[in-house]
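In what follows, structures are represented as structure tokens.
Shared between the two complexes below is subunit A, which pairs with subunit B and subunit C, respectively.
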Partner chain A sequence: MSASSSIQALEYLQGLPLQTHRKLYEAPSTVLAVFRCMLPHLAKSIVMAMLYMPSALPAADLEAWFKPSARREREQALSILDRLHILTSKREDDRSLSYSLSQGFQRSLRQAIEGSGTHRTFGVPATKAERREEKLGIDFLDQHARTQWEGILFFMVSGAAGFAPGSVKMDVGPGTKQLLHKGDLVRTVHETPKITKEGFTFVLQETNAQVWNLLIVYLRMGHELGMSETEVLSFLFMLGSLELGQDYSTSTLSDTQLQMLDDLSAMGIVYRSSKDSRTFYPTRLATTLTSDSGALPGTDISTNEKTDSKAQNKGFIIVETNYRLYAYTNSLIQIAILSLFTKLQHRFPNLVSGKLTKESVHRAVQSGITSAQIISYLTTYAHPQMQKSNPPLPPTVMDQIRLWEYEGERVEVTTGYLMREFGSEVEYRDVQGYAEALGVLVWKNDAERCFFVSHVEQISAYLKKKKEGRGGR
Partner chain B sequence: MNTIDGSDRHVQTDSAPPPSLLAIVLDTNPHAWAHLSSSLSLSAALANILVFINAHLASGNANEVAVIASHSHKATFLYPTPTAPQPKARNGANGDVAMNGTDDSKGHHIAENPNKYRAFALVESAILKNFAKLLDETNESHLAATPTTLIGGAISLALTYISKSTMLHAPTAASAESMSLAALADSENAHVDRIPLTSRILIVSVSGDLANQYIPVMNSIFAAQRKKIPIDILKLAGDTVLLQQASDATGGVYMKPDRPEGLLQYLMMAFLPDATARASLVIPSAGGVDFRAACFCHRKVVDVGFVCSVCLSIFCSSNLPDNLCLTCGSYLSLRSALINPPALIPRKKKKKRKVGTDSATPGASTPAGSSTPMHP
Partner chain C sequence: MVKAIRGTLVKCDASIKAMLVDIDSKNNNEYIIEELDEEHILVKETKINQLKARLNEASCCMMKTHLKEPESSDSDS
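Coming up: the complex of A and B.
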């Protein structure tokens, strides 16, 4: 479940320049968070193996450590480590390649897992003097987080669902509204917020992914406002390593971070009793930032993310083969989301009913919702009775939703790079094979000797390396 | 089509690996550590292992750890701290895990340290506290009683803990929907769906001469084999036939480092990758495995022994009291076997020739070699 959320954060992180990475890796909590949730599994093994290695690891040794069948996995792990500037490769005098961890990352990760140093980046708990009042319970924090977050979601879908603004009590702060507009999740048309394509993708995601999504928008915006990316990011990663139900002191935070506290408490990610309070509580939205909020039985079953209201409603939709849809819910958000692609007809105290029609699906597709999203939403929230069959949705309905979408969409757009004009068939095969191993290959044409990739950095580095290697011989 | 392919791959590579449970059996035999203290002291080793545990916990968000000390007079949990008497009664393979006043291990008295990730700090303080307690309880009479360690009991504790955690981790198998889904899917899928926890056991062993626990250890090995739990062995000192067999039978890592002071690097490189990562890594294993068994009568490792035809017990000599098997009490007439030795010898010679010519592990090659020529 964290897969999609960590991908987002990972893609953002990969886009940062070397200098920012260097500064980020100064803080052990950040390094630990990056290690825990950004790296693929094998990359973790590589990093840990190299963490206490006294000298650089020759590339040949690394290659020997992996099974020959795992070439693709190895290349992927190395490429991500390289893009995050965790691994640096160096050419030795005898032209052999060797890898080593970047200095800052190595030092900070060591400190993080040894618990050494005096960096104080894992949150300073509040003292009794700072607290002044009773410690707050976890239930209260969850409630706070849920109200704030659902407020945001409802704000987004309310316009499309035809609720007048202000008709429901939930509302969001001006800062958050600005954020949603900035991220192009919502556009204001005729005074009513209108959800965009990105916004709909956003709404259908897991809560964890949504939080990351919004925070990345926040990062971009913060950058424009002159907030240092490093400070914002390291603060977020620190939040992820805090303990739910513990209050923390604001005394060690910088001005930027204090500013952030205000913004984050508006979103429900942290809680402060008042604006000038000297303590803050992270909510569940914050503490699950850098973890799979998923199943962690044994440790805290009762306080799992499952208490989220969205999960409580899990499984409430029934779809019939005649495209009729019944949803056992009275949540306005659920109804609003359903109304984006369904023609709703009746509403009862605990049930809404409607129909999936060509018009309603077309409308959804035009506003940027894909058929895959609709189907995955319906499947995820299918009623337990429906889930008894496999697949849960009637195949005719799934196919028809797809067909309705294809009527309007014929062209698919991917941004990337076209590689062509290779000198020889051998060279083409080699580079194309490498691209495939990296998982960046989008399209290829063997006859024309050209192919299309979504990321080019690794390939150009590879070509350069090849050139160097040939020059030496 | 391309996009479907592309997205599929993306999801595949980024899908989170299953959480992994690492049960560490730490051999704390005071005699052996005293012997080893010139190159690696017990406290240094423990510090290294704590770093290793943190690394393991960091490698996966839902990763778990259990640490069991195999001491000279008892085997006990270092982490998680045994709390109520009920689980103790169920877990206690040795029946002597009982400790007082260990409740509330996760209490609030652990000082909040802003330099340490809280999850790490909790595990670390619990292990150190329990370890200090174990050492305090050890007195001279315990040390004098035995020069070895209760590895068999410790492995059993690890296995019981793993089996309990696996049950806790199995997704709501009781709920109707998943049951019916499992019934619909083929048996293989259902199997994968219901055991999302991958577990392994790591034994950090320093004592040799474990043959007196041949039977309990072998039973544990077979249990682990059946449950598909790899047993990794880090042998810092001493040599035992037994543990090598354990790692070989369960597909674990076996390492006997020449320089014990480099413990952390060995741990990080060879023992940290879990089952998911091992699928694409070359893992070190014992080259030639010594498959010799220990006899049931004197706990000696034997090359050639006598096997009870009823219960398969192994004896080093044929001179059993009253010709009765010591384990099952069956009457065994060994005389016919002794009178008729030529029947045994040609077969043995054949085996030996095979071993001589074949460079591969002797145990693995023999059964295959005897059967293949007949039915190609």
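Coming up: the complex of A and C.
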């Protein structure tokens, strides 16, 4: 789960230039967060093994750590480390390649682990004088986070679900609205927010992934507004390392970060009692940013909640083999999401019933929901009674949803690059093998000596390196 | 020298491919960069959404010529 949620963050991070990475790695909290939640396990092992090495590690030695059959895994781990500029490679005088951790990263990770240094990047707890009032409970923070976040989700789906604007109370600030538009998650048509393809995907994601998704939009927008990427990112990573229920002082924050505090509290990621309060509380949305535990302000939070929350409704959908669907819920968000791909017919105080029809699924597919998403949503929230059977959904229904999708959408598209005109069969085989090892190969045609890759940067780096290696010989 | 061409790879059935090629030829070949094999074509990245929309239009027209299949019954209530 955590893998899927941090993947967008990882992709964003990879796209940053070297200078930004250098600056980011000055903060131990950032380094720890990147290490903890961005790196795949193998890359973590490599970093750990090299952390206290006094000198550079020859490439031959590094390769000796891996079985020859694990070339693919090794290349993937090394390529991520390389793209994040954590690992630097250098050619020694005798032309052999050697690796070392980049200086800043190594120093900061050591500090983070040892707790040394005076960097204060893990947040400064507020003093009594700054607090001025009673400390807030975790319950209250969770409540705040959920209200704000569900407000955002509801704002997004309300248009599609046919609620008139203003008919239900939505507490979404203008800043957040702008953010959603900027990320192309909603578009306003005739004064009503209309959800887009990306928005659908967004709504069906788990909360942690949603938070990252929105924060990345925020990062991009912040860049346009002249906010420093480094400051925004390191603040986010710092939030991830804070403790829930503890209040922190704003005195060490920069102007950019103070500005961010306002925006983030509108989304429910942090809480401030008032705009000029000198303390802030991270909510669960913030503290789970860089951890594996569920960020759903519902799963573990609302055990003691009585209002309509997601957790309480965990497992509330019954689907019958005749495509009828019953959902024991009174949450408007749930109903709105269901209505995206179901033809809802009746609503009772604690139950809605409807039917999965060809039209309703087609409509969903056309607006960008995939059958896989529908099925996974229905499976995740299947009623405990249905969870007893395996698979929880009737197979006929699942197949039919897939078939309906196939009728509506008959092409599969991937953007990327077509590589061709290789000098020799050997070169073609070699580069194609490399692409496959990286996991970017989408399609190949051996007869024509061409193949299609989803990412080209590393392939071209590889080709360049090869050329240099040959030229030097 | 190795060449990299930017574009969108479209994977589809041979029948759909025929339709796509047809749409392309009727529109001054403004969509397709190259036909790669039976089930793959390379399309200009900027035009892919437009092409998809045209494909939907075309397949809708074809559907209408066939008998409309009975709708899923909503007789229950």
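Throughout what follows, the second predicted complex is superposed on the first by the 454 of 473 C-alpha atoms of A that agree within 3 Å, B and C clash if a C-alpha of one lies under 4 Å from a C-alpha of the other, contacts with A are read in each partner's own complex, and residues count from 1 in each chain.
What we mean here is this: contacts are C-beta pairs under 8 Å (C-beta built on N, C-alpha and C of every residue); 3 or more make two chains touch, one makes a residue touch a chain.
In this text, all values refer to a predicted model and were calculated from it rather than measured experimentally.
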Subunit B versus subunit C as contact partner of A:Leu18, first or second or both or neither: neither
First, second, both or neither for A:Tyr323, with subunit B first and subunit C second: second
Touched partner set for A:Val456, first subunit B, second subunit C, both or neither: second
Partner chain(s) touched by A:Arg420 [first = subunit B, second = subunit C, both, neither]: second
Touched partner set for A:Ala49, first subunit B, second subunit C, both or neither: first
First, second, both or neither for A:Leu225, with subunit B first and subunit C second: neither
Partner touching more residues of subunit A, whether subunit B or subunit C: B
Which superposed partner A:Val442 touches (first subunit B, second subunit C, both, neither): both
Subunit B versus subunit C as contact partner of A:Val189, first or second or both or neither: neither
Touching partner for A:Val431 - first (subunit B), second (subunit C), both, neither: second
Touching both subunit B and subunit C, residues of subunit A: 412, 414, 442-443
Subunit A partner contacts - residues on subunit C that touch it in the complex: 1-13, 16, 20, 34, 36-37, 40, 42-43, 45, 48, 52, 55, 59, 71-72, 74, 76-77
Subunit A - residues contacting subunit B, complex: 1-3, 6-7, 28-29, 32, 35-37, 40-42, 44-45, 48-49, 51-53, 64-67, 69-70, 73-74, 76, 111-125, 241-243, 246, 252, 290-292, 294-298, 384, 387-388, 390, 412, 414, 439, 442-443, 454
Subunit C-touching residues of subunit A, taken from the complex the two chains share: 323-324, 343, 345, 355, 357-359, 410-423, 427, 431, 442-443, 445, 448, 450, 452, 456, 459-460, 463
Subunit A-touching residues of subunit B, taken from the complex the two chains share: 2-3, 6, 9-11, 13-17, 51, 54-55, 58-62, 64, 112-118, 120-121, 124, 165, 168-169, 171, 176-177, 180-181, 184-185, 196, 264-265, 268-269, 272-273, 276-277, 279-282
